[in-house]
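Scrolling down, you'll hit the structures one after another.
Same chain, two partners: chain A is paired with chain B first, then with chain C.
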Partner chain A sequence: MKKRGRGVASMWYGIGNTGLPNPAAAFIEVLSDTSVNLMVGCADIGQGSTTAMAQIAAEELGLDYEDIHVTSADTMVTPEGGATSASRQTLISGNATKLAARQAKGTLAEVASGFLNVPEEDLIFRNREIYSCKDNSVRMTYKELMAEMKKHGRLAVGAGAYNPKTTYLDPQTMAGIPYEVYSYATTIAEVEVDTETGEVEVLKVVSAHDVGRSINDVMVEGQIEGGVVMGEGFAVFEKVEYSNGVIKNPIFSKYLIPTAMDAPDIYSVVVECEGECGAYGAKGVGEPALIPSIPAIAAAVEDAIGVHFTSLPITPTDVLRELDKQKER
Partner chain B sequence: MKEFSFFSPGTLDEALSLLSQHKDSVSVIAGGTDIVLELNERAHTAQAVVDISKIKDLRYVKVVDGVVRIGALSTFTDLENDPYIRDHVKSLYSACYYVGSPQIRNLGTIGGNVANASVAGDTPTALISLDATVVLRSAAGKREMKITDFYSGAGKTQLEKDELLTEIYFDAPTENMATAYTKLGKRKALVIVVIGLAVLLERDCNNICSKAQVVIGAVARYPKRLPSIEHYLVGKPITKETFEGCRDMFSQIVYDMIPTRASVGYKKESVKGVANKTFNSILKDFSLSGGEE
Partner chain C sequence: MSDRDFTVIGQSVIRKEALSKVLGEAKFAADYKFDGMLYGGVFRSTVPHAAIKRFDASKALALPGVACVLTAKDIPGKNKTGIIIKDEPCLVDDKVRRVGDAIALVAADTPERVHEALDLMEIEYDLLEPIFTIERALEEDSPKIHGTTNIHAKKHLECGDVDAAFAKCDVIVENTYSTQMLSHMFIEPDAGVATYKDKIITVYASTQNPHYDRSDVAGVLGLPSNRVRIVQVTTGGGFGGKLDISVQCHIALLAYHIGKPVKMVRSRTESTIVSAKRHPMTMRAKTGATKDGKIQAVEVFMTGDTGAYASYGPAVITRAVVHCMGPYEVPNVRVDAVFVYTNNPMSGAMRGFGVPQAAYCHEGQMNAIAKELKMDPIELRLLNAHRIGTTIATGQVLTDSVGFKETLLAAAAKAKEVM
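Coming up: the complex of A and B.
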């Protein structure tokens, strides 16, 4: 018989460790053809941080995404970026990128202010143009600005470094404020359990994540989808088998992760709110995407067959064993 | 990887002559989905490897005079996409469909699956339920045998080193027959079979079972016919109740096959679910109630 169940799980997750120093930096230069070199230590391991850094630089400088050429994680030229871990890069390298862009923009604004005869604080940089917020007919293109820069022998360079305010934790109790900001999420999973074969099929997952400000919706959705499938693996497939301290299945034909055929229908919900300290309010979603999917699936299995599992993964063998015990009771 | 000589004949005659020349130490490669792994893992020691994949004449599916003939080099994808197999030989269709992934199915051949005799092969289980015959050729001639006899050797198949499996054939299922194959695995794709169950049933005009061929795979070393189940089914009406009546028999059969194996606890229980799925598919094919919706 097939039994369906639903489970809900919520979480909050700290982004930007403050217990210890946690810095990252960026270098930037706007070139005379209005293209931009951005150098960040931030390593893109597939999550899309290089794209996000380019978007943040473009937003700050009033240029287009296509104008930004990013060199990332190349220790020959890029500054310290810290680890791509702890869901921190959008927050920390994102802020460093924004600060670097702002410094370069300071020089650009000085020159534009002289040319347009508009106070620096009234200048708006947007869509490859610079104009006055009081009268947008007073304007110049980025190309004109870069020509003007050249005339004055000015270079639009910037360096930015960001470190969340290090609060340190109490060495005895570890009490304190451990993170700069928190991400929040709720995941709902629907599963179908085959009570004859013990198979658990994850049918549908809805996962809603407060990311502060979404720098790139499609990438955030991708992160959520990846996290859900990874969570499915943790919940029902991935089992490390060992004996006498030796792992018996260190190979992907025996340590099973979900295939595309196993992935559920995933509905990613991106929630935006005041993100406080991040660039444009962006927080992080890397780990949050994974975490609540696991208890949501386990709770859905419990809802379906009335068994509360206390270890993962929940394999077909476990399901049949527990159903058998249930029958005996 | 150990060194070996590689041959790529374009015709069957050339291939057979190469096999007879090198029969002391030769391996045949078709799709390579099994043997390339063996080569890379250095388990493979043959001095000569004969690649038969260029012999186009061995890639076909045809129905002639009520007999389905399948060339050994037909890939799983070929069979999965063949309208006749899909509509009339559901057990073989399902067995092919559940092999590995699209990439593996594009390369892997039915001949390789049969000849390699992996304990976890999908198509042998289905082919035994269809009472298939294999055609083996060598430079010296040709012989044919039932696929059950092909697997009767002690731990190996009946294939000699100078022989090539060239064709598999079986009687085309009639209007009064239904076939089904169920694969239980640990996930939905790219997975080794835990239990495979293939069934062919024939009914008479009163919906009484007149023939039953039931085969279980991945439990014993080779797929095995289950005479006690077949005997139970023949003469009974084809209904959900009849099928439910043999669920516990399946459980006992699996237990008796592997009483000491660690997986026996799970397999003897889950086989009941596998049997249910398979028989539901049969009921559906016969348009009887109780079949899967």
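Coming up: the complex of A and C.
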């Protein structure tokens, strides 16, 4: 017989290292043809930080995404980025990038202010133009601004560094500020348990994530989808088998991870929640994407067959053992 | 202009590297080639805990095409690496602490020759008692893997009056949760190429942590940091498994000694055996609520096996302790945690740093409380959810961007629509 169940689970996740300084920095230069070199320490390992940093720089400078070229994670070119871990790069390198762009923009604003005869604080940089917020007919193009910069011998460069506001934790009680900001998420999973074979099939997963601000919706959804599938592996497939210190299943044919055939229908929901800490309010989603799917799947299995599993993964053997116990009762 | 009126933020622009990856032009570390490049390999321990009685590489060195064999004594700088605690040797000097410890390096003209040379190396061990369980690790008479204790880290978090709070609870749920060791199984195994030119060591590597890599490579070679260049090349996934040093120090050391570029690409098996794993953890949890559904107290005792070296163990234990009551207003919390060294595979960073394990525990408890109280699990969460102004167990007051309730409502609404 096949039994369906549904389960809910949530999580919170502090962004950045726990109760420790963990800064990152960025360098930027707007070139005379309005193209931009952005140098960030942040390593892009496929999660898309290089793209996100380019988006942040473009927004701050009022240029296009295509104008920004990013060099990342080259220790003789880029400043310290810290680790690509702890879901920290969008918050920390993102803020560093924004600060670097803002510094370059300061010089640009000085020159534009003189040319347009508009106070710097009234200038808006947007869509490759600079104009007054009071009268948007008073405007100049970025090309004109860079020509003006050249005339005055000014260079649009910037450096930014950001360290999240945390405190060291008390060694006795762990009191303190472990993280500047937290991401939140809730996942609802639907599974089908085959009571003959013990197999758990994950059918549908809804996962809603408070990311503060989504820099790039498709990339956020990609993280959530990847996280859900990894969570499925955690909950019902994967386990490193080892004895006497030796790993017995170090290869893909023996260590089974979910494939496309196993992936459930995934419904990602991106929740935005206003905040001051991140660049444009962005927090992090890399690890949160994984976390709530694991307990949600376990809860769905419990809903289906009435067993509160307290050990992972929930394998067909475990399911059949528990169903046998139920029969005995 | 409103603050929300963005031109680029929120746009699903095409990733910068999309085209090069789709066209197969992106260069991963294993794709890098240099003139005169040699290949490197590592001779690794096959026992979990032992002193090295004899190591003989003379047959390997006699093999035509073998450029050098290096051991701990060839390290010009410090033979210590590690992101938080420098407890892992670049090459074993005092003793072997796990299966897969690096004992010697070889560089040769072809990858096949590297394997041939590794097969010709001879070793004899004085075996030590290996420790495979947390219980044995904690016993007084157990052999010590590092220093004078096998306790890698111990944490205690406390707020409120936990015992008094439990006494007032209408429902208390107790469970012990355990989670398994996991492997990241990133698609691209660890790889890198090192060059030594004009007194600069350059390492092209698959890594999540180039600036940390720089400090450990500089430390091992005894060079100032500005003579070490780490270039992170296109990296095929990490999930935390490429935060520790992998090939970087080994290829840098080989290139430094022979003055030629050296490439090292781990096989899947070598990569899985050597890179850090997810900490297997056990969490004994007690959660109490009053009948109105308010969580009053949480008590957790957790243990974790960090294996032979610390890696990110200190970060995992701290994060797990801070997060293990979940995103709920819990006025009374007591958490104790112990992580130990064993001779098992090394555990370290893996997507979530102990929070996936902790979430399995706190969410199992929340759902159990909901069942006891016959409450809807989403209602129970909404009732206890973090909000602006919540004081968490460390005493921090949440003041910025707390969107937990919104995720509960959004998930429930979407589930209603699609399930």
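A few points about this structure:
In this text, the second predicted complex is superposed on the first by the 326 of 329 C-alpha atoms of A that agree within 3 Å, B and C clash if a C-alpha of one lies under 4 Å from a C-alpha of the other, contacts with A are read in each partner's own complex, and residues count from 1 in each chain.
By definition in this document, contacts are C-beta pairs under 8 Å (C-beta built on N, C-alpha and C of every residue); 3 or more make two chains touch, one makes a residue touch a chain.
Not measured: the values here are computed from a predicted model.
Considered on the superposed chain A, chain B and chain C are sterically compatible, since they fit side by side. Ranking chain B and chain C by residues of chain A touched puts C first.
Of the two partner chains placed by the overlay, only chain B lies in contact with A:D194; chain C stays clear of it. Looking at the shared chain after the overlay, A:I177 reaches chain C, while chain B stays out of its contact range. In the superposition on chain A, A:V70 contacts chain C only, with no contact to chain B.
Rounded to the nearest 10, the angle at the Cα centre of chain A between the centres of chain B and chain C is 70 degrees.
Nowhere in the superposition do the C-alpha atoms of chain B and chain C come closer than 8 Å.
Taken together, the two complexes place no residue of chain A in contact with both chain B and chain C. Contacts from chain A toward chain C in the complex involve residues 6-14, 17-19, 41, 43-46, 48, 50-51, 54-56, 58-59, 62, 64-65, 70, 72-76, 80-86, 124, 126-127, 133, 169, 172-178, 180-182, 184-188, 190, 204, 206-210, 212-219, 227, 230-231, 233-234, 238-240, 242-247, 250-252, 255, 257, 265, 267, 269, 271-278, 280-281, 283, 286-287, 290-292, 294-296, 298-299, 302, 308, 310-313. Residues 101, 184, 186-192, 265-266, 269-270, 272-274, 276 of chain B touch chain A in their complex. Every residue of chain C that touches chain A in the complex is listed here, in rising order: 1, 6-13, 15-17, 47-49, 83, 98-99, 130, 132, 155-159, 175-183, 185, 207-212, 214, 226, 228-232, 235-240, 242-243, 268-269, 271-273, 277, 315, 318-319, 321-323, 326-327, 343-345, 349, 351-353, 355-356, 359-360, 363-364, 366-368, 377-378, 381, 386, 393-396, 398, 400-404, 406-408, 410-412, 414-415, 418-419. Within the complex formed with chain B, the chain A residues making contact are 194-199, 237, 253, 256, 258-262, 315-317, 320-321, 324.
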